[in-house]
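Before we start, here is the structure in question, set down as structure tokens.
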Amino acid sequence: MTSMGTTTFEVAVNLIKLVLVFLMMVQLVPILVWLERRGSAFIQNRFGPNRVGPLGLLQLLADAVKFLTKEDFAPEKGNRLLFYAAPVFALVPAAVAYMAIPMSVPLKFNEYTFLIQGYEINVGIVFILGISSLAAYTILMAGWGSGSKFSLMGALRASAQIISYELALGLSIVGIILLYGTFNLSEMIHAQQGIFSFNAFGHNISASWLPNWGIFYQPVGMILFFAATFAESNRLPFDLAEGEAELVAGFHTEYGGFKMLMFFIGEYGHMMIASGLMATFFFGGYSIWNLTPQEVYQWCFNLIGNEFWAGAMNSLLHFLSYLVKFGIFLWIFFHVRWTLPRFRYDQLMDLGWKTMLPWALANTMITALIIFVTSYYVL
Amino acid sequence: MTADVFLFWFLAFMTIVSGLGVVLMANPIYSALSLAMTMISVAAIFVTLQAYFLAGVQIIVYAGAVMVLFVMVLMLFDLKHELQAFTRGRATGAIKIATVGILSGLVVGAVTIGLTIGGKNQAEVASATKAAGIVDTTRGLSEALFLKNVFGFEALGVLLLVIAVGTVALSRSKGGTHARD
Amino acid sequence: MNQQALIAILLLSPVVGFFLNGLRFRSKNYILAGTIATLAVVISFVCSVLLFLDLVGMPPEARRITANFFEWIAVDKFKVNAGFVVDQISSIMILIITGVGALIHLFSIGYMHHDKGVTKYFAYLNLFIFNMLILVLGDSLLTMFVGWEGVGLCSYLLIGFWFNDSAKAAAGMKAFITNRVGDAAFIIGMFILFMTFGTLNIHELNALAPTALEASWLGAVTLGTLMLFIGATGKSAQIPLYVWLPDAMAGPTPVSALIHAATMVTAGVYMIVRLNPLFISAPNTMMVVAIIGAATAVLAATIGLTQHDIKKVLAYSTVSQLGYMFLAVGVGAFGAGMFHLMTHAFFKALMFLGSGSVIHAMHEEQDIRKMGGLRKYLPITHATFFLGWLAIIGIPPFAGFFSKDEILWKAYSSSAGHILLWAAGVIGAALTAFYMTRLMALTFWGKSRVDKNVHPHESPISMTIPLIILGILSVIGGWVGIPHVISQYLGEVPNFWEHWLAPVIRILPLAPAEHGADHEALEWTLMSVSVGVAAISAISAYIMYTKKEGSADRVAKAFGPVYQLVNKKYLVDEAYFKGLINPLIRGSKNLWYYVDVNIIDKATYKVTDIVRGGGSFVKSLQTGNMQQYAMYIGVGVVVALSFVLMR
Amino acid sequence: MPETNIITTIGPEHYLVLSALLFSIGMAGVLLRRNLIVLLMSIELMLNAVNISFITFSHYSGKVEGQIMVFFVMTIAAAEAAVGLALAVSIFKRFKEVNIRFFEHLKG
């Protein structure tokens, strides 16, 4: 499972690391908000926030202050306990799941090895799927606790959507799990490092100019997974939980101020998890194109000559690589939101159950078949 | 007291308290939420018993799907406080509570007596565990599931299909949800 | 390449095709669908050829490739593997299935292009190929039965393909239900064989069979094989279960060619050939098979004389030709049966596809009275159909001649044969020649009776290529099994067919009377008799239907009632309804009224009265309060547990 | 026999007792509660208690079969919940009532 280490030093570092990763996740949110607003403005030929600070960067700070100082009220007819608990629960699963994603190669310091992630879990994929499936509670709690019919209907829509797409989401990555034979995210990344190479019918097939990423083996799984994560995080084109005309703002209609902000963080957290998992499953995680970490380390060592600093530089380079992939997927999230129209609710359900689920099933079966045939028979 | 022991007592406490919450809360929504809490605690207990995969499945299936269903239904019904949360009748009530009490007493007694007198003592059990080795590799689980018990697995699949059809038949509205006219 | 992998690819390629087309069944892109489906079957065909070449490379006694994929069912001693065998017999079958199948897939692209469900159609076709391959490759009767049922399903789906037409949907159901009768017998046969031999593995059954030779009618082997044969009469359209096949022509014509002529309907013959040692151990069954085969051959041929629907004629012809095959296996000429199976697959698939081409050209007109003179509009179709015609009426050196002659010779000379069987075969051959010539004459020759609004045109190239290939095969297909009497004048061409099948097929000895010097002369005589009769019959039909207009009607009038009877297919369907189905319904109704209502119900009412009396006493316990029940359970558990613990 | 502390040494009986207690709680819920849906939830509680026992035995005997059993129990529990809820929903739609006492007279 997970171990916090044996010595005091190790435990302390691991705890600090945990806090840092959490803070990183939370602090990314305002930046992403700014990015999304600027980006959407760019797409729509507007300026976006540009008054407060250089390029409007301080707008985030102003927003935060605004949120914090707003009046904190709760609807009279609602259930106060659930109403207040919901935003907290929105934040927790997202943070817990995000922290399990590895972000760079482990850093060696003396006899210690520190993983660049919150904590490592043996069955990380199952864990993340499980934790993120808890998001439905938040929505239901918020929706029901608000005591408003718009909130309740929005919550029912959103949670039904999340449960439905959970299936497609889970099934779409079965192929990749079969391929790498592990639930462990680090092992999965490890398997994708280096050049494109695989064994089939007893022969090795490789291409040195391609990385050994999952997308080349599971393109259908990749598309299904990415589409399902859009639905899981209630983003456009699947943001059916909201609707100015019929549902106002969905399950968080009654929320304002800081509680609203926490829902925001939860939503962005889901996007971050989705982007991180996309990178991890299909794009080699933190690995740099078709180089293995050993090769990168060797290069750093030749450059610097100090083992620790070379290792640190290695980790940093890989972390940057991860950030680039992470950022690209986040940008795709934004871009899709501002370019695609939304679905109707029945279309959404049809897509999930009648299109994505069969395709995910077929992908699973065909993958299993191919893995069996190519590994069992020798030509 | 090591971390493992502390973890067990903590989880046991959580499980029992949230389990009691299911039964004792008058508002069914709180019951359902405590049941979800119980499920998560049970998943954590699975983890302490090194059944990682099943812990994940427990969370995904129970906490993530089944309990969400419960919560959804409850919220749809919009049941607030119950006036008659518990059954009435002194005699039967007494018998019921007595039954539960005696049963739990009997089982607990049987377990402690059976394990310390009739069977091996704890040291032997512990050594036997080491000898047997850890069973939870997900691979081992899948091999047992898909090779040895594949018939049961298939039967479960059929069961689920039947259930799906039955549920849809039970809860459909007249003319279907997509009726155009 | 690994042979097991080859078998896996052979089997799975159509499945992949099925899924690729089945998942997008609403698509109307016939080119894509057809390409996927055809490609899948072509891959299978390539695998079949490779496997066949592998077999050829092995020593004759060891020609057997097995592939055990997994253990399918294991209950105590009852073990069935998902095992597949390619040997001399099944290798020929897979070549036919995938080869002819690929051609028919290709043909379908042109034929079905206007249809709305074209993708679904190709998915079904691929599924059929897969099931047929399971049927022929399965190494146990149960595996075979999986394919047996699978092809039945596909047949049903494809006959009722245009299910909006209730008559066509009903034809599908008729085929399905008639087949169920046979399948029930097949299952019973499997039970009997398993109880007797303790295995369903074909190889083991064949090895055990020679020890179980029996002469009685009620022996386990005889009963078991009889039951299997009844199953075969269902699938292969023999008396008494042949009635579904003519109706099955409601499906698309390429389907008729693939399923109801070339492959599926021959499954019964194939099954008997597979189990030949077992059937030889049961002489009585063999006799029944031969008699039913001969009777079907003649009866179906007579019905074929009077039909006006081009596909119905071919359907009855198929039934009749299947009768020949059963006649062959019934007299112990398993090789000849397989041989005819193959040649028949070529020329009958050709003729069905040809008829499809004609129907396509005539804008869905199937009545041959409204055709005629099509030769000049459809030159390629006519030429290929002509070859098929020569093949089926048995004119040397076309394919049908060799196989049919082999069957007739064995029917006469084998120790299980009889001169009456031979005579039936010759009559059947004469009738075949007559109605096929009639079909040719009314469709292609003579004066045009085509409707003014219909403008026939030759079919597109994707339809004519299969016709040409099958036409060539109809000519040369028979040359692999030239009998000794002829080949000795051709420079001793070996009889490839017999050599190939020899290790897996037991050949019955000739009847004692046929040994001796004059057996060669006898064979020549019989051969010339059958060819002569067929030729005379064909010529007379030609004169009757092209030269002397109206003579056919005069003959029909002269035979009056007999003609009517034959034209109405001997009223078999009506007789089944009158004699079997309606009495069954009436009997059930009577049973319900007299037995169920009056006896059983009354008895149960008495019982209920008693029980109700007791129940009203116990009723007080049943309050409907579920929790109280749960409490009873809890108390019971507590009592039981404390009893166990205190003991 | 070496004396072992019941608090600091965790053995199988701890888990089994936990399981038994959870089972009893669930059973009390089934016996005493009146809300149909809470009854269903109590049944889930009992099933979970059983699952703990299975996993415990599987872990301490080193055999994986116990986990298979848990797998099956989970599936059946999910199925049961689905059907139970569907029934509850259709009953509620008709009678606007989920009290179990209300259904005593649903006799066939």
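List of remarks:
All chains are identified by letter, namely A, B, C and D, in their written order; residue positions are counted from 1 within each chain.
In the analysis below, a residue touches a chain if its C-beta (ideal position, glycine included) is under 8 Å from a C-beta of that chain, and two chains touch if they have at least 3 such contacts.
Owing to the predicted nature of the structure, the values given are computational and were not obtained by experimental measurement.
Chain pair with the most C-beta contact pairs: B-D. On a Cα centroid basis, the chain most remote from chain A in this structure is C.
One finds 5 Å separating the Cα centroids of chain B and chain D. Averaging Cα coordinates per chain places chain A and chain B 29 Å apart.
Computed centre separation for the pair chain B/chain C is 55 angstrom, with centres defined by C-alpha atoms. Put simply, the C-alpha centre of chain A and that of chain D have 34 angstrom between them. The set of chain C residues that touch two or more partner chains comprises 627, 631, 634. Within chain D, the positions touching two or more other chains are listed as 27, 31-32, 101.
None of the residues of chain A touches two or more other chains. Touching chain pairs in this entry, ordered by label, are A-B, A-C, B-C, B-D, C-D. Looking at the complex, you find that chain B touches chain C at residues 87, 92, 95-96, 99-100, 102-103, 106-107, 109-110.
The residues of chain B lying in touch with chain A in their complex are 29, 33, 36, 43, 47, 52-53, 55-60, 63-65, 67-69, 71-72, 75-76, 78, 138-139, 178.
Here chain C touches chain B in the complex through residues 627-628, 631, 634-635, 637-638, 641-642, 645, going by the rule given at the top. By the touch criterion given at the top, residues 1-2, 4-5, 8-9, 12, 15-16, 19-20, 22-23, 28, 31-32, 35, 38-39, 42, 45-46, 49-51, 54, 57-58, 61-62, 65-66, 69-70, 73-74, 76-77, 79, 82, 84-87, 93, 96-97, 99-101, 103-104, 107-108, 111-112, 115-116, 121-123, 125-126, 128-129, 131-136, 140-141, 144-145, 148-149, 152, 156, 159-160, 163-164, 166-167, 170-171 of chain B touch chain D in their complex.
Remark: chain D residues 27, 30-32, 100-101, 103-107 touch chain C in the complex.
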